[in-house]
Structure formats: structure tokens, C-alpha cells
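Right, one structure below, let's go through it.
Per-chain residue numbering starts at 1, and chain names A, B, C and D are given in the order in which the chains are listed.
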Amino acid sequence: MIKIVFFAQLRERLECEQIQWDYVQGITAAHLKSQLSAQGGNWLALEESDVLCAINHEISALETIINDNDEVAFFPPVTGG
Amino acid sequence: MIKIVFFAQLRERLECEQIQWDYVQGITAAHLKSQLSAQGGNWLALEESDVLCAINHEISALETIINDNDEVAFFPPVTGG
Amino acid sequence: MISVQQQDFDCGHEYQQLREQGQGAIVTFVGLVRDFNQEGQIKGLHLEHYPQMTERALEQIVEQARQRWPLGKVRVIHRVGDLDGGDQIVFVGVASEHRDAAFSAAQFIMDYLKTQAPIWKKERSDIGEQWVASKSSDNDAVKKW
Amino acid sequence: MISVQQQDFDCGHEYQQLREQGQGAIVTFVGLVRDFNQEGQIKGLHLEHYPQMTERALEQIVEQARQRWPLGKVRVIHRVGDLDGGDQIVFVGVASEHRDAAFSAAQFIMDYLKTQAPIWKKERSDIGEQWVASKSSDNDAVKKW
């Protein structure tokens, strides 16, 4: 399983803080994002705007391949500081 | 008259903090420095090393023309901060 | 040392800690919430973050700075939660033997923090809440390093 | 505000004064005397200056910074007289709405101060006194602006 977490306006628009998702070997973060948005409805928000990705608490490119039991985060551009 | 003041190692080498000097119309800070060092002895220190100039408390080029009653300062490169 | 915390910080105290090591130059940066009194209904900010990731991201940024410049103590504090106008948000303090290194490292840390630390600001006002938009100038600031 | 003084300063207090105006970014720089304990006989510094000129020179440097960047409060304190290892020498604090302006202005003020403020350092040691040589790197630092 993959743990997926969402933050800030993305979390609010998806009305979802975190979900579990079936692991498929060789899947990238980009694939995962497509699978999620293919669910339609709120999930289309993942395609609409800039979405950044972190894998296991490390900023990662969307092309990065995910391993089983990884924690994948999707979030909008950060605005701290 | 011109008031001339010296600082730091230059003051120490000249063994002089300040002197009065006759004003001559059209004289520049460079002329003044030459007149002083022409006195020989310690005064040669004015020619030996980098000497900066301020006229009336403002950093000035040695080519600047001095007016009567100006305060002219000669000093080594600054090392504050 | 990195802290991500709700509570406020004392810039003078943090400075004294940085001073202990006897380096010749200390640069501090503090980012504050704007003073909303002049700007209508905005009442304050809420800062959300990604708890398991924020400290680690900040540590990596400091580590990158250490690889570029000779640094002594480095301190980063970022507040999260609810803040009011004028409140302190972020502290970056850098000690070094060289003033250019201290200035550059503090600015580098802030520039990277602004684009890589998983923290998001939301403005609270009488008419609701609004996520703060990211600034392209912040992305540009990182490119200079 | 500019001060040239023998007495020490309190960085935390100066920071609070800069904070009053509600600007979003505050950068402070403090320069300290090196810790001589690791360096043999040096016991401390004496700072000589040109009393009627120093404040004026610092004011002009701050004025130049204001012409380049949008700044709020700016504070410069330079100590003169006898200092020991680890003592604070100089404080530069800049408030601005923009962090880049605050960083740049603080660094600009320090770079210019190092080459234009009429202040000279002499090291005191068991074997006598020695004027500190000026550094070409300080002249180079000014050229970047």
C-alpha cells in the first residue's frame, strides 16, 4: 500500500487529508496523480493547478518511481517564510 | 589658514595630531601633502604609503581645491567595522 | 539547530546563543506578519505545515549552506499555527568568521526556505479565509544561487 | 539613526526598535572582535576615529542605501575606544517590506562602512601595539554595488 497525504488548498479542495492506495510495481508519482484525478469530481483539482510532490518527506520529481509503503505527498507551491 | 589633522598610524609617525597651515589660493590637497612632506624627516611618511584625504569631514580626491579655513584630514585606509 | 514551533521566539536570546562560539560576524533575519491595520479586514494568518517533513527540509537547506560557506552556528526557527499582524514568523541566524559568508548563507537559507519548506499561509479575515498565492519572485530568488 | 559610542549595545533591544514600524523583514548584522584566546598574545583592540566625521560618513552611507532600496528604520552603531576579544564592535539593522532589500541594504552599509567610515583598529598585545592593515577584499566588496 501507498500512503498519500494532501496539504493546504489541495487538501481542502479534495476534502481529503490522506488515503491508502494500492501499490503497483513501477508506478511513478505522475501515474499516481493521474489515477487519483481519473476518479473525477473533486479529484480533478490535482490536474488543475501546480502540484508539487514529496516522497518519504523529500521533495521529488513527479517522474520518480514509488516503492511499496512509501508516503507520497501532493501539495501546492509552498508559501512559508 | 587651513587646519590639518592626522589620524591613526599616520598621526603616530608624524608625531602630530593637527597643525595650522598658511592658505594659498588654488591649492589642492595633493599640493598641501607635497608641501608637508617637503619638510623632510617624519613628514616623509605622507609620501610612503596610501594616504586618504577628507576636506571638511568629507572624503575627497587629492585633486580637490582647498578653500581658506577648510579642515583637511590625512589618514591611512580605514579599518573599522 | 532547527525548530518548527507554535510559540514565539526571542531574537535577542537567539542572537546571544549564536554569539557564544566567538565568530566575528552574525547575521540575523526575522520575517514578520505584515501590519494588517492599514489593509482592511485581514485579521491574521494561519500557517499549515507537513509535520514530518518541515524540520528535515530546513536541515537540508542549512546543510547545503554549510557546503557553500564556512559557517559557525546556524539557527532556524519557523512558527506554525495562528499568527496576528506584526507577529514574528521566521528567524534565521548565521554566525561566521566572514561577514560575506554570514550574509550570503542567511539569504540563501531564506530563499530556499521560501520555495522548499512545506509550509502554507492562509489569511483570516471577516469575510472568510484565503490561501496566500505563491510568488514567482520567490522562485526567481532561488535561481541566483 | 546613527551612534558612534564607547559603550556596548544590546542587539535584542535594537531589534525591537526596528520592529516597531511594522515592516515585514528585519536584517541585523553584528561584527565582533575575534576571540583572541586561540591566537597568542593579542589582548584587545583600540578603535580610533575622526569624531566630527564618523557619524556624518555613516549617515551618508545610509542615505545612499535608502536611494537604492525601499527601507523602513535603519540603525547603525559603531563602538570606539578599547575593546576586548569577543566584544561587539558594530551593529547594522535594516527594516524593509522586502527581504531582499533588507539583506542588500545591510550588506551595502557594512561594505561601505568598511572602506569609508574614518575608523582605525589597533591591536594591543603583551609586546606592544600594532595597527591593523586594511584588506584589499574590503575594497573589492564595495565594487560589486
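Definition applied: a residue touches a chain if its C-beta (ideal position, glycine included) is under 8 Å from a C-beta of that chain, and two chains touch if they have at least 3 such contacts.
Nothing here was measured: the structure is a model prediction, and the numbers come from that model.
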Smallest number of touch links from subunit B to reach subunit C?
-> 2
Using mean Cα positions as chain centres, tell me which chain lies farthest from subunit D.
-> A
From the C-alpha centre of subunit B to that of subunit D, how far is it in Å?
-> 26
Could you tell me the distance, in whole angstrom, between the mean C-alpha positions of subunit A and subunit D?
-> 48
Give the residues of subunit C that touch two or more other chains, as numbers and ranges in rising order.
-> 31, 110
Pairwise touch list, complete, is A-C, B-D, C-D
In their complex, what parts of subunit B are in touch with subunit D?
-> 5, 7-9, 50, 54, 57-59, 71, 73, 75-81
Subunit C contacts subunit A in the complex at 31, 47-50, 52-53, 56-57, 78, 89-90, 110, 113-122, 131-135, 138
Within the complex, subunit C is touched by subunit D residues 10-13, 15-16, 19, 22-35, 37, 85-86, 97, 99-100, 102-103, 106-107, 110, 141
